[in-house]
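We just call them A, B, C, D and E in the order they show up, numbering each chain from 1.
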Amino acid sequence: MVRISLDSVNALFAAIAEREALYIPTDTAPGIAQFKKWQSGMEMTERLKTSRSAKDFFFPQTENLVDFKVSGKKIDIIDPREETEDFVIFGVRACDAKSFEILDRVFLSEPVDTYYQNRRAHGTIVTLACSRPSESCFCQTFGIDPAAPGGDVSAWKREGFLYLEPITEKGRTLLSGLSALLEECPEDAVEAEKESIRGILKKLPLASLTPDAFGGGKTEKYFDSEKWKSLSEACLGCGTCTFVCPTCQCYDIRDFDTGHGVRRFRCWDSCMYSDFTKMASGNPRLTQKERFRQRFMHKLVYYPENNDGIFGCVGCGRCVEKCPISMNIVKVMKTLGEDET
Amino acid sequence: MPISEFKPKIVAFCCNWCSYAGADLAGTNRLNYPADVKIIRVPCSCRVNPIFILRAFQRGADGVILCGCHPGDCHYTTGNYYTRRRMTLLFSMLDYLGIEKERTRVEWVSAAEGAKFAAVMQDFVKTVTELGENKRLEDRRCKKP
Amino acid sequence: MNAETLIPKVGVVTEVRIDTPDIKNFRVVGTDGKKLFVHKPGQCAMISLPGIGEGMFSITSSPTNTEYMEFEIKKCGCLTSWLHKIEAGQEITVRGPYGNGFPVDDAFVGRDLLIIAGGVGLAPVRSVINYCRHFRDRYGKIDIVYGSRTKEDLAFYEEILHEWMSPEEKDVHVHLTIDREEEGWNGHVGFVPNYVKELAFDTDKTVIMCGPPIMIKFTLAGLKELGFDEKQIYTTMELRMKCGVGKCGRCNIGSKYVCKDGPVFRMDELSELPDEY
Amino acid sequence: MQEAMKKRAKELLASGEVTRVIGWKKNEFDYDITPAVFESAEEIDRDFRYDDFCGPNLSKFTFKNQKNDTKTLVFLKPCDTYSMTQLITEHRVNRDALYLIGIPCFGKIDIEKIRADGTDGILSIASEGADVTVKTLYGDKTYVKADVMAERCLACKSKYHTIYDELMGEEGEVMETGRFNEVEKLEAMTPDERFGFWRGELSRCIRCNACRNACPACTCESCVFDNPDTGISQKAAADSFEENMFHIIRAFHVAGRCTDCGECSRVCPQHIPLHLLNRKFIRDIDKLYGEYQAGEEVGQRSPLVNFTTDDAEPDIVRKGGK
Amino acid sequence: MQKIGVFVCHCGTNIAGTVDVKAVAEALSHEPGVVFAADYPYMCSESGQNLIKDAIREHGLTGVVICSCSPRMHETTFRKAAASAGLNSYMVEIANIREQCSWIHKDMKTATEKAVILGRAAIAKVALNTPLTASETPVTKRALVIGGGIAGIQTALDIADAGFEVDIVEKEPTIGGKMAQIDKTFPTLDCAACILTPKMVDCAQNEKIHIYAYSEVESVKGFVGNFTVGIKKKARYVDETKCTGCGLCTEKCPMKKTPNLFNLGLDTRSAIYIPFAQAVPKVATIDADYCNMLKNGRCGVCSKVCTAGAIDYHQQDEHIEEKYGAIVVATGFNPIKLDNFDEYAYAQSPDVVTSLELERLMNAAGPNGGTLLRPSDKTHPHTIVFVQCVGSRDTSGCGKPYCSKICCMYTAKHAMLIRDKYPDTEVYVFYIDVRTPGKNFDEFYRRAVEEYGVHYIKGMVGKVMPQKNGKLLVRASDLLAGEQLKIEADMVVLAAAIEPDKTARSLATMLTASMDTNDFFTEAHPKLRPVESPTAGIFLSGVCQGPKDIPETVAQASAAAAKVIGLLVKDKLKSNPCIAHANETLCNGCSSCERVCPYGAITYVDKEFRMPDRTTKIRRVASVNAAVCQGCGACTVACPSGAMDLSGFSNQQIMAEVDAICR
């Protein structure tokens, strides 16, 4: 484990940025933090969470897949990708770090999504432990420990120092290149911080939320539940929850005619949108209830069924904070899970 | 790009009954105005949706001008009155977003005003040429590679 | 499998054949004149016209056709309308093949086959039929029940008449039906589900079904009445596929992804899934 | 007020006058409010809430949950009544199937303002008079209500109810609270500054459509941005142009119909001040075509489907006469 | 795929002189969908059209783009050509590379580039065109003529002659108009009444003609072939059906001090009156402003003397609704008010008169029984000064910018008649120019100068000053002699400009017919369609379209009648198919479109829809009346959901043009 004084953290950023692109969460508007490419003078936010998750780095909201040149009856296909540059994301929270594993299982399973894979290979993740979890947090529900946030390097802030511990080879490479700035410190330097975090976790209002009622094989149990109707009643059908969610990965592929060619791009889509499953042959999810159900069944039942019991939610709480009508996965779990107890 | 070389793209929506005929008259009278202006014929200025105007900017237009009958002379009686309100509000909104207000214009040109048509176009092209390329409302995807 | 799953290949439409008033058949090869890729009966490919969009269609030709692939496309939306406007020589883009396909090389081998199709639903099973006809000895008796609204709506009518129903065919029995009486039609009249029941097949068969949902529903009921088990019946859900690679998040029925786990399902697998198809 | 509302709702349900009640219910936290349909006294007793956090405009919720064959009681805050009136004007809701009760509003608290202050780990929150007390995992805090009130409430245009069958509490009045101050500030900037301001704001847009889907004026059967046939459908803002396009056209489509209820800004997960776009149109309409408040009365003619022969010419913008 | 043919016209050298037409055809041949591209010297010629027709057949074209002159010129020609080759005529688009390209640009390269872009836009549009078919509506075989002057009379007679019913609406109690007030006509000097009154009588006696005198048009609804017009018959307080026109009431009426409007207020008449002896209908009318009975309820003389019992003091305005297939506007003119011309002392001296007043003063039925006397003292005038162009050709803003056209000739007529009848009277005419371009007009003018010795002086009258001796001092300049003149005149006659009747403006709004800035009705084409208004089914007759003299008016009146007859002989009319249509699944039923529709073409219907959850819902949706819609497109922009679109100018088409131009 190494450490650096928080006063010198800018020097650390500068050193990283010299080698590769560095992204840190920074305040961009009152109450809004976003990951931005670090430039000299940029401060890291004090906020717990960025308003969007970190999934953009690997699965951007829009992404150019392929270009076409059409002339007469002829079509030329152009792969528009350029060499992806190496980059470091600093200050990723444990929940977001965990979300990458969930996305990996989708995009890196056969057939591998090379767009995602490329970015993933070039990115180094430096996580940051959550000293002050929020009331909307429930990562512990899914077994995530914000005191040991994972990633390629884990970091803790404590008493004026930033502590860093490499977790993976990538992480070690990153830190070894920065050794001039970092001082070695005992491995247990952050134990107290971990304890403090875990202490707070117990006191969180959602600490007792468990996913035990859910998981693979529960489709029959919940699919036809009467409760979906009242749960989904106020849903606006907007995409806020899906777009701030670190694990939502649904996308749409669309063509854009630029006037001198056709650009096929992929963009985030939301299963909450009424046209999500609309096809020439009809729409199997006709009402908001069905669409709403899909989102939660996917995270709580289908995903674990196909992925060794891992849930498709990391408990980041963004949907809890951002939903315009305050309807979210917590409420769904509690309402549907009631029968279990 | 130096101003002297810059040739703006101008889209002119012209009402069929007045301004389009005015443009024809300008042609008949051999009144020159810059070739940068390309006219789209619409039945009435009130057919022009703000979406068309934004679309033109998206696709690389540097200026959009809308020509209709003089208020009171609309072939459809009242169409240009709605145009007047819609465009005033739209232009004001574009200005509010910091988009150069000189890039958009509405002019009333009657079928008899060939000379006015040419003069208006000359003036508009000059104004837009001075402003230079439309950057604030362009779609970078539509740029020619 | 294509290394870049979302980047298509260019295909050339070498022939467009008007099959029925709203169905056209497209022959496609690569720009080098060869087949674009190898597939299994029942698999699909994503076809697109740049600027119009992508659409998933089953490959109706049999893998045993080594020269080209065929797609049987009914006009029903934006992309298909555009496809119906194209002429031979037009390039399109193709990616695939996608999906599991029918188990022609294992579960079907040695079995009597009952193939039931309605309308354009013949497209995916035609691949199976021609595959089985090609390797005729591997399979038992083949019964084909096929129906459409009218005679002119019967897809591949010429092929059915001159090849499948040719006297040289060994133990292939085609049962055609149309919905309503019409002049010049001496065959059976009536809906497919009823015809299946009338034909009262013995139950020692593997059934392959494809057609409109309403036909599937009633035929299934009829087959059950005849004593068939859901485990004997296969169908394909290709209409639900969107991205083709199981990642875009649309094609799931419950926890199953049509792109990856399908589009071919055995009825017993399907009936375990929630009612969302 | 909450208790009186519950009592009245139960009475109306019991009498059979209405079969459904549209109101608010509390969700996970004190500040989490969800619009809801109540169909029984038990549901009302258990979940019904009305307090300083009940921000969501029930007019849009009513529109989405309409039932024509039965009568529904809807509680409307003053600003919600404007939206409801506008919906009735546009034939989007069936007035006959609604029983409307106007209720007072004393300004709603914006939890995001409290969060922006760095207050996190909120365990409970209570609003009493001018004080808002917040208990958190990391200590307690007290705010002056005016400091944490939603912007739309600080700039409240009216405490008056434009439509109701029954009014609970005192009727209020139309107010002048300087809701155009921000617009004027922007107008006073140079175009470059304005451009910078809006790029900064709109570039945060994630195109989640919350603004549109929450907006009581956006009730189109199908939005032009969702309909592939319009040629301008967008699912994501793939270019800064599309951010501008979406917000300009959306504002234009609600111009003259927007009642300035502020839902768009409330629901924006990225805190984009979308109401400043709508207010610009309202401001311009007021100045150019005479004061107009959408949703003031049923059957009004929106300024964009109206004209006078001596309206201002569009070059008033270019000439800066406004 | 679309198969588009592109045809580039040279228009001789009109286009080919500045645009490299071959290069344009070459460039456009590579556009998506284009399967054929050719150029030809004259596309509109027979052989040019054949080229198009052959290509349509040979290549199975689905769309045609013609790069040529303005579509306002030959769109119809090419549409017909396409139709005759079996292509829907709305699958034709025109790229205007003459008026909007070759004629305004000099540089070949620039013009060619622009022509290619314009062609591209047309191709992009035509690729999205859909075949359109005109819907058919029946024609009401009845015409309305608004205005009963010589224009209206002639039009009505001609239409009636062809066997169609025609109604005349005249706001005055009698038809006849201005011509009835005129004494003699130039250049033949026939008596106006002698040639007009037989026509008036013809009108009255023609079974096919119905005259609504003392009536006004209140409302116009509908469209070509199917107008519904509201007519207000103003109360005359005399039952038209009973009145025999005997005139006894007018003799007995005690209110003799009523200004006689027919004589332009130069004398008086009774409160109950018949405007003039030959009035049609010859029916008395009570002037409610002067009638004691109607004002105070005292008198009732006329009622007592009327043997026919026609007087009805309680008569109310009557509102009638009639259906017409065509409407002719013949609202005529009035001399302008001279308030802006103080320098001529018109308001100060009764001896300063307008030319129309002079007509009455000289008319045998006029105030002085045909003897020309000064209005002030009824003495014989010895010196008369005519001032031309009073308010005509006036760019100062006081008068009218146009030439009133008739003044030169009637002034020559007046001068000649005065000199003929009163050789002792000196006549001076001050003019800017003398314009005499009609048949026998210049000869007429020369006679006035040469035979009758009228003093024509090119120059302006600066001021007319009434003198204490009752004379009028006229100060003027003689531009040819370059000297200032002072003439002591007995009378001054002002050739006041004429302007369209004041009622025309509101009528134009009702008719949705366009007007120019001077309130003259605009013709559909200034050269080729001079008697039609741009609004289908509305025709123009007489001075309402522009200043003209009697022969021209009559010619135009007959021309308008011919057009009306041409319309009324049709049983059905094909309507413009480029109209709005509502997509019901997208329609919100919000009424925005209805509110901006100038024709009331949009109505709402409740329609049942299947909802996604398989329930049904009744929704209010817009529906466009195809026969009423004129295709302006106002509704398409008012509609927020994009449910309204315009055939022929659809959102997609216009955006495709935008894209093509900006590419």
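FYI, a residue touches a chain if its C-beta (ideal position, glycine included) is under 8 Å from a C-beta of that chain, and two chains touch if they have at least 3 such contacts.
Computed from a prediction, not measured in an experiment: that's the story for all the values here.
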item: Third chains touching both subunit E and subunit B; value: A, D
item: Contact distance in steps, from subunit D to subunit E; value: 1
item: Pair sharing more residue contacts (C-beta pairs) when A-B is set against A-E; value: A-E
item: Core chain by centroid distance, with centroids computed from Cα atoms only; value: B
item: Centre distance in Å when subunit C and subunit E are each reduced to the mean of their C-alpha atoms; value: 69
item: Computed distance of Cα centres, subunit D from subunit B, in Å; value: 36
item: Centre distance in Å when subunit A and subunit C are each reduced to the mean of their C-alpha atoms; value: 40
item: Subunit B-subunit C separation of Cα centroids, rounded to whole Å; value: 54
item: Interface hub residues of subunit C, defined as touching at least two other chains; value: 78, 87, 90
item: Multi-chain contact residues (two or more partners), subunit D; value: 224, 230-232, 238, 304-306
item: Touching two or more other chains - residues of subunit E; value: 596, 638, 651, 655, 659, 662-663
item: Touching residues on subunit E, where the partner in the complex is subunit A; value: 30, 32, 612-614, 659, 662-663
item: Residues of subunit D that touch subunit A when the two form their complex; value: 27-29, 32-37, 56, 60-61, 64-65, 112-113, 115-116, 118, 120-123, 136-138, 200-201, 204, 206-210, 212-214, 226, 235-238, 263, 266-267, 269-271
item: List of subunit B residues in touch with subunit E within their complex; value: 9, 11, 16-17, 20-21, 23-28, 30-33, 35, 38-44, 46-52, 55-56, 59-61, 69-70, 73-79, 82, 86, 110-112, 118, 142
item: Of subunit A, residues touching subunit E in the complex; value: 70-72, 257, 259-260, 274, 283, 286-287
item: Interfacial residue positions of subunit A with respect to subunit C in the complex; value: 65-66, 68, 70, 73-77, 79, 106-107, 109-115, 216, 219-220, 223-224, 249-255, 257, 262, 264, 266, 269, 271, 276-277, 279-281, 284-285, 290, 294, 297-298, 301-302, 305-306
